[in-house]
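Next come two complexes, and both contain chain A; in the first it sits with chain B, in the second with chain C.
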Partner chain A sequence: MESLSTSSEFENLYSYLKRFSDRLVEEEDNLRIVVESEKLREVAEVLSKTEGVFLRTIAASDERSVNGFYKMYYVFGIDKIHRNIVIEVPVDPSDPVVPSITDIVKAADWYEKEAHDLMGIKFSGRTLYKFVLPDDWPDNVYPLRKDYTVQDLVKLYRPEIVTKAKEVEAEAAIIIPIGPYHPALHEPEYFELYVRGEKVVDARYVGFMVHRGIEKLAESMKYDQVPFLAERICGICGFVHSCSYCQAVEKALKIPVPERAEYIRSIVLEIERIHSHLLWLGVAFHLLGYDTGFMHIWRIREQVMILAELLTGSRKTYGLNIIGGVRRDIDRDKAKKCLQVLDNIEKEFKNFVDAAINVPQIKSRLRRTGLLPKSEATSLSLVGPTVRGSGIPRDIRKDYPYAAYKYIDFKPVVRSECDNMARTEVRIYEIFQSIELVKNFLDRIPEGDIAVDSWEPEPYKFGIGAVEAPRGEVIHIVITGRYSPYRWRARAPTYQNLPAIPIMLRDIELADAPITIASIDPCFSCTDRALIIDISSNNVKSVPLNILSLKSSKLFR
Partner chain B sequence: MVKFVKVIPIAVKVGTVTIKYPYAKPLVTDSFRGAIEVNPSKCTGCGACTRICPPKALSMSIEGETAILRYFIGRCIFCGMCADVCPEKAIKITKEFELASEQVFDLYVDVEHEVVTCKRCGSKFVTSRLLNKVEQKLEEFPKELLYLCPRCRRIEMLSKQTYLR
Partner chain C sequence: MNLSTLISIPISILLYIFLPPLLDGVERKVKADIQSRIGPPTILQTWYDILKLISKEVILSMNPRYVVLTLSLSLTMLISLTVTISYFISLLNLNMYIVIMILILLLAAHSLYLILYIFSSNPFSIVGTFRIATIDILNEAGLVAFAILTAVSISISRASPKDYLLLTIALTALAIAVYVSQRRLPYDLHEAEPELASGAIIEFSGAVLGFYTYSHLLERYILASIPMIFIAYVMSNMLRLNPVTATLMVHVLASLIYMLYAVISALIGRSRVNLAVKTINLIYFLAIAIWLGVYILWNP
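And then the complex of A and B:
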């Protein structure tokens, strides 16, 4: 593989960076470069203007006990040559200010807000407000700083309700979330749509209502316990998170994972993608008022769930990954059963989706709605089927090969229509592709161990682990500690994709908003309720999202 | 053209897929991981499982004259790591998943162990079964040191060596 220094295409970029800082290290797949904060904007500008460079993630870390600084890590990726450029900016603890790069790199917006809330880093040249933490969080308490342990934080922050409960001498207080949350099924997400008549003018997103602070929690857990915590970030594609975490640790400590374990991971990752895409299709049909489609797709999906249980021991939260390998082997019987089930699913799905996607209502609701231009998708560094529906072939499996994807050749599914239909089609064809991939993996899986015997942690090593989740790229950064990760940064695909929703919503019919919001597959969350503010009459009304969505189907009939 | 009508033959062919749970065949496959079962006759109370348990569903405490290994099903995530690390293979993963109960006490399972008191300071520091096990494994280890808690053992060792000099 090419490295940045030997790549002819990025020669200029490399010599530029080399001139910029003498503290530059080229590692196996990262180019790490220390940049002083005054020069950050200049580097960011050059990187954002270089074609093919995307922002992958940003992490803030408290390293005062190690080197006396806070540190910002900006991870830019060059998909073409499978390399990361990690820009490290030391931040003076007495005056933690870094220049904002949001005006240069659009995708950095949320990361800066988050670093401000959790690590207390200030970004000059932009407005900042409480974004992740609740409004009544105590001032000047930055939870990710090493000054606080998890126990300290629990004592420091008490939701208002606790005091209120004491005032009325209640024995216990139970918080029942009603509103933008759905109490049972979905995660909370809240959109305000600004409309003129039936047309959407703009949208605003409020989120982080259930920020759980697991990055902090992991710092107090042992290495081998964290995969199980990571798996619970998402209820639909949890395996990608445990996989990313393990890969990050393995990269940081250079643990050689047995090839068989890599294959098993890839097989389970693809099975997870099949079930997740089927789930999304079902929910999308449901949102469009085609419940027959929903029922049949979920019927087909059930077989995948049972298959996953057979291979891993659980329908979801597989609990398969540990650092250095996997916990369960796929024996011959299981492999045979797996092939049978996949054949059946392929046949049934092909039959059904052909009928479902040709339902006139479905077609007309998906075509030319929720347009996401290629230029916007690039500038926001979007990921997953969302970006592939806009004609950009970004796929982590291909761009930064991991697990068994490095042994296999395939082409990412890309559609260039940029609408909801394009994103739907990407998912449909990816289901077929995933089935094909699993068959291939099962065919080629080598004999051998499924995990390393033992490994030794070594503090302050840096590792990046990335996985192509069903929704897009999941990327984890781990800085190792002695018994637990020193800093663990997890970034899920929806984090990167949500800022695209206001763009997709612009100028569309109100009734198409639910499917458009859903089209990025935002872990489906609590998009169940929307607040409509009519600008002309100043009326505010609250409508459940599924009813809003049905309206248009009726009109069509 | 009217491709979408194809749904009708599919639906007719498939028929009913829901089963009459809980009266029909079991819902889980052979690999399924459910609640765990600790075999009290094999368990030595070493506490390895309590150290690996990610959600801290297993805990070890000393109450009075007994050490208690407590399993709280309410916290269990059914990962089975405890069974993986148990040196005595005393933990079995069952297929039990219908675990709801009206009484929270039903969700606790305790394994009780006799404890050994330190000959010097009188603190309770280890289960007698684990101590026996260690005794068998370390035949040459001086007996008088074995019955001391880690702190007193250190003091004893140190004073012995000083005396020798």
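And then the complex of A and C:
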């Protein structure tokens, strides 16, 4: 296995890849290579065998009106030299088939299924099924194709569940989510935990309960409206999404962002990380039954929320980013107040977390539970504290420096124990690190404008924007259009990290399942589902509570 | 039976009946203070909650016959236990047979709870019930052993330092067993909110939940008073206390230890079944070994 750590090694790989195509475009951060679909697996093989290369994201795009093809974009990142290799595969619209690379690059699994659902691309050599779209979605309607507008889709799809609910007079009945296990975060998650007694023997995740079609929606919005939409992808760390989107457009159109704006973005990103990590820590303590820890951590977090309001005008969904800069400045008074609050948070957090993390039950339930080996973390291209807790120093702030991170030096927090405690410690130390970073940024912030005066869109330009969110890398791809993004692909860190959960859940106690699932800091939305799985007969069924309650308890023994 | 004994019996019974929800109200305020919260508006809140629950409509997903029967039996048993204990405290009489009778009544109430939980076929409830059964099998053996050990320590006592040490060891172990029996953190595994969403009691609502909450609090308070009965018995023999003072002493000390338990439970997290079994095993084994060690090896 080769290892890439210098630019010259990258040049070797670059020369090697030239054998597969003569259509190469070199950009500041990216090397874009157009590869025919027959050669895709060979290229993927080369990249997957090169150490230090991770699959960052995959996007499918309908470019029939531009060049007559659908196109698949495979973005591989080489962290150590801060560059991407973007493999572009044109797909014939009359027979949209691409060879699957899931057996070569494990992390490609969800992306292929999603591209099949939303763009109608078929992947040969693997089984495909409805993944993102609901089961009752009409056949042969691929929502991300340019054949449909958002309005068309609204007319085309009426969820059958409404009809079914009326048929059974369900207005009067409530089905309560149940199960012998509970994934704990109150969002639409659906885990099948196969248990024997209290031991989890295997697990499976099914997601996308609430697919909002945000990418499609953005295609009908103006460039400057999209940051507000992007910020609503996540209710906890939305700023990272508006930042990634803006950066992607800025890179595609080569818009120079004023340095002061870069510092302001970085300050707010770190404030968001502090509040998000504190939120997670509180939830983790709650899941471990330590509610005193939960209350105190959230009390400390409240100061961060007030600070965010002071700097941006809102506790959450700040609405601060615009393409080419930010909308609000940070004046001296605010900077001074910010430093005072941060000092106070640092002191209070240190005093409390030292005691909290040493509570015997917390310690014993975090140590050696939810193990995620380094090899698995690498093969799944995991991101954020999840991968850093398995000894891999992946951090987009360092690997692909953006905003003001390129002006300062810091080391990613890494732990090598690979367990729930390691991921917890990464977040704890990142809170201290973020406080230091904000202080640093405030100290160094230069005078000047906070946004460019104007900029002009130019169609069919390609840009990648990535931000290290509290949960890991957020990556957005933008292909520009005349008035709106032609294609916008947003990938949140949970998307990348969720496939690791079944690995972490294997052979743990049922009691540790909630904290293990929570240890990747997952971000779903708001529904629960549950199934009963009879492991001896392989029966799987959903049962409403009122029916279930009348059944004999023998069912569960 | 003199007048002071006659007065102290109803006082004790009334305290047993009315104090538990009030103490829970105080506990909620204390916990809120520890957690930087305001907590309920008044210490009577638990009483208000129970009365509100009892006044709500009855919705049962389980077979009502089993629920009402077991719940009413356990409540009746606990109330009769308060009468029995009050009677013996007032008489300042505590022998091995009385201790065993109290324990049998208490364990019978525990068993009825288990039956109550298991009637629900809700998977959360089933998992919660098996958890609490596992803890109970171990802990109730400890509870009985340490109660008897305390009674033995009192009966063999000649007021020497060795005897006081033996009594202290037995009482400490009994206090731990009582804490576990109260199903507080880290041993509230049958409810375990984040994993089991109320677990064993998930199907209770309205009046059933109201009566269950009351009987659970009553049971907690009775449990808290057991080590204090031994202390009051020793103190009354030493200081020649009258029945009213002895009764009040039991309830004051029981309330104090109840609050101590509340503070401890606010400072720790939840255990796991396998961890809990190991910890309880270790503590009880050590307690018995130390008691025996002191008894055999210390020859003044």
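Operating definition for what follows: the second predicted complex is superposed on the first by the 491 of 557 C-alpha atoms of A that agree within 3 Å, B and C clash if a C-alpha of one lies under 4 Å from a C-alpha of the other, contacts with A are read in each partner's own complex, and residues count from 1 in each chain.
In the analysis below, contacts are C-beta pairs under 8 Å (C-beta built on N, C-alpha and C of every residue); 3 or more make two chains touch, one makes a residue touch a chain.
These numbers come from a predicted model, not from an experiment.
Colleague: Just to be sure I read the superposition right, which of the two partners does A:Pro373 touch: chain B = first, chain C = second, or both, or neither?
Modeller: neither
Colleague: Examine A:Arg328 and indicate which partner it touches, taking first as chain B and second as chain C; both and neither are also allowed.
Modeller: Once the two structures are laid over each other on A, A:Arg328 reaches chain B alone.
Colleague: Per the contact definition in the header, classify A:Arg299: touching chain B only (first), chain C only (second), both, or neither.
Modeller: both
Colleague: Applying the document's definition of touch, where does A:Gly68 land relative to chain B and chain C: first, second, both, or neither?
Modeller: In the superposition, A:Gly68 touches no partner, neither chain B nor chain C.
Colleague: In the superposed model, which partner reaches more residues of chain A, chain B or chain C?
Modeller: In the superposed model, C touches more residues of chain A.
Colleague: Which partner does A:Ser314 contact after superposing on A: first (chain B), second (chain C), both, neither?
Modeller: First partner only.
Colleague: Quick check on the superposed pair: does A:Asn351 touch chain B, chain C, both, or neither? Answer first, second, both or neither.
Modeller: First partner only.
Colleague: Mind working out whether A:Leu287 is in touch with chain B, chain C, both or neither, as first, second, both or neither?
Modeller: Only chain C is touched by A:Leu287; chain B is not.
Colleague: Which holds for A:Phe228: it touches chain B only (first), chain C only (second), both, or neither?
Modeller: A:Phe228: touches chain B, not chain C.
Colleague: Does the superposition put A:Val359 against chain B (first), chain C (second), both, or neither?
Modeller: both
Colleague: Can you list the residues of chain A that meet both chain B and chain C?
Modeller: Chain A residues touching both partners: 292, 296, 299, 359-360.
Colleague: Sort out for me which residues of chain B touch chain A in the complex.
Modeller: For chain B paired with chain A, touching residues are 3-7, 10-11, 14, 17, 28-33, 51-55, 77-81, 84.
Colleague: For the complex, which residues does chain C have touching chain A?
Modeller: 31, 34-37, 61-62, 118-124, 126-127, 185-186, 188-189, 192-197, 203, 266-275
Colleague: List the residues on chain A that touch chain B in their complex, please.
Modeller: Residues in contact with chain B: 221-222, 224-225, 228-229, 232, 292, 296, 299, 302, 306, 309-314, 317, 319, 327-328, 334, 351-352, 354-356, 358-360.
Colleague: Quick check on the complex: what are the chain A residues that touch chain C?
Modeller: The touching residues are 178-182, 184, 198, 285-293, 295-296, 299, 359-362, 364-365, 509-514, 532, 545-546, 548-553, 555-557.
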